[in-house]
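Naming follows writing order (A, B, C and D), and every chain is counted from residue 1.
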Amino acid sequence: MSGDVSDRDIAVFEAGIKLGALYHQFIGTPLSLKTIKVVENAITRSVSLQPYVKAVKVEINREKVRERTTRFGYCELCGDMLDVWLVVEYRGVEVRARLKFDGEYPLMFLESVSAAEP
Amino acid sequence: MSGDVSDRDIAVFEAGIKLGALYHQFIGTPLSLKTIKVVENAITRSVSLQPYVKAVKVEINREKVRERTTRFGYCELCGDMLDVWLVVEYRGVEVRARLKFDGEYPLMFLESVSAAEP
Amino acid sequence: MSGDVSDRDIAVFEAGIKLGALYHQFIGTPLSLKTIKVVENAITRSVSLQPYVKAVKVEINREKVRERTTRFGYCELCGDMLDVWLVVEYRGVEVRARLKFDGEYPLMFLESVSAAEP
Amino acid sequence: MSGDVSDRDIAVFEAGIKLGALYHQFIGTPLSLKTIKVVENAITRSVSLQPYVKAVKVEINREKVRERTTRFGYCELCGDMLDVWLVVEYRGVEVRARLKFDGEYPLMFLESVSAAEP
């Protein structure tokens, strides 16, 4: 069987790269309720620079930041605080992917893969 | 058009996650010729833990490490030093992916996507 | 000889922590001329959260970002792009520290350690 | 008052750099009971390369790794799993520093600063 790589494969692969990269780049960043927006914005803008990213939305869970704020007045960005919606488009294939805490684990998964709107 | 996600999509997505994660986790690690093997091994073993990874090989470019070693006797892991071969398998779909310096840029790309050997 | 730790020691130690942390947290972040300010701001705000930080200024070298921007329209944050001025104060001791590229290597060093203005 | 920087200041500053760097470089690394030794070793060897490091010992808490291992068979390196003993020596000044979980927070602190054994 041929192992040919399709445009759809590349679109999906690129979506995976972005989520894996985002997670391991920004986890550990010092964080407080006052800096959540600045950090969300920096992550969003950084991911948006990468190839084939059509849209990205990053939300950091306020409640978890509040709960984990230590006596020093801050905490650090953890994987289970992140909610990410990512849309990648490559040659007409649109991929929607998520990074989301599932109650036990920050999961990365595909929501849909389809031909983009013409 | 349906946006249904196939096993093939998931296999390819998982390969992308691993390469994006590896890159952004380990870039910046202090490095010398004497520690290359230890760092290669730690990266290999860490990636191998992640879901659906069938095989991974990590090579750090000795020549670049030698060239960039400073007067302090070490350098740091840069993206263009990394050569990675990754095989992911998900429900019978085997994905071969690479991270490789192309002369200008550390590129991540798919080599093949196919049904695994039965 | 006693190994007693002074307030001055702690002030200086805290400054070192901040620079080491900043460097290894943010190196590798995708970057372009358009996102420099957002990333500088996120780093500044994140460092400012940490204990005893009185002031911090982060500058990313525009010229290097311009030069290293690839055909994909971005590059990544490298150590030699960073210019950081940090002021830490602990119990009346003020420490001024820098992270600065010295032509070969991104160096972290102390500029001054002194009693803070009363 | 003069802001002159002493050898003792530099020794202590360098210790801080190493702990801040170590923490933010390796947090997030995929981890299981089987890879703890490999990761401990890679961290130890990487830190040992840096200037003025005389000794370093890194222990990752087995119990926490066991508890946090997910259904996927691994977890990730968190700050509260790390126990680090660091000895830095600069021009005859020996600094002993720790990274240690204090029950609420991974703390970095100085244990002693003194003239090295002659």
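Couple of notes before you dig in:
By definition in this document, a residue touches a chain if its C-beta (ideal position, glycine included) is under 8 Å from a C-beta of that chain, and two chains touch if they have at least 3 such contacts.
Nothing here was measured: the structure is a model prediction, and the numbers come from that model.
Counting C-beta pairs in contact, the pair that comes out ahead of the other among A-C and A-D is A-C.
Interface repeat of A-B: among C-D, B-D or B-C, the matching pair is C-D, sharing over half of the residue-numbered contact pairs. Centres computed as Cα averages put chain A at a distance of 29 Å from chain D.
Centroids of chain C and chain D (each the mean of its C-alpha atoms) stand 19 Å apart. Counting only residues that touch two or more partner chains, chain B has 21, 23-25, 28, 72. Across the complex, chain A meets chain B through its residues 1-6, 8-10, 12-25, 96-97, 108-115. Every residue of chain D that touches chain B in the complex is listed here, in rising order: 21, 25, 28-32, 34-35, 38-39, 41-42, 45-47, 49-51, 72-74. Taken together, the chain B residues at the contact with chain C in this complex read 23-24, 27-28, 70-72, 76, 78-79, 104-105.
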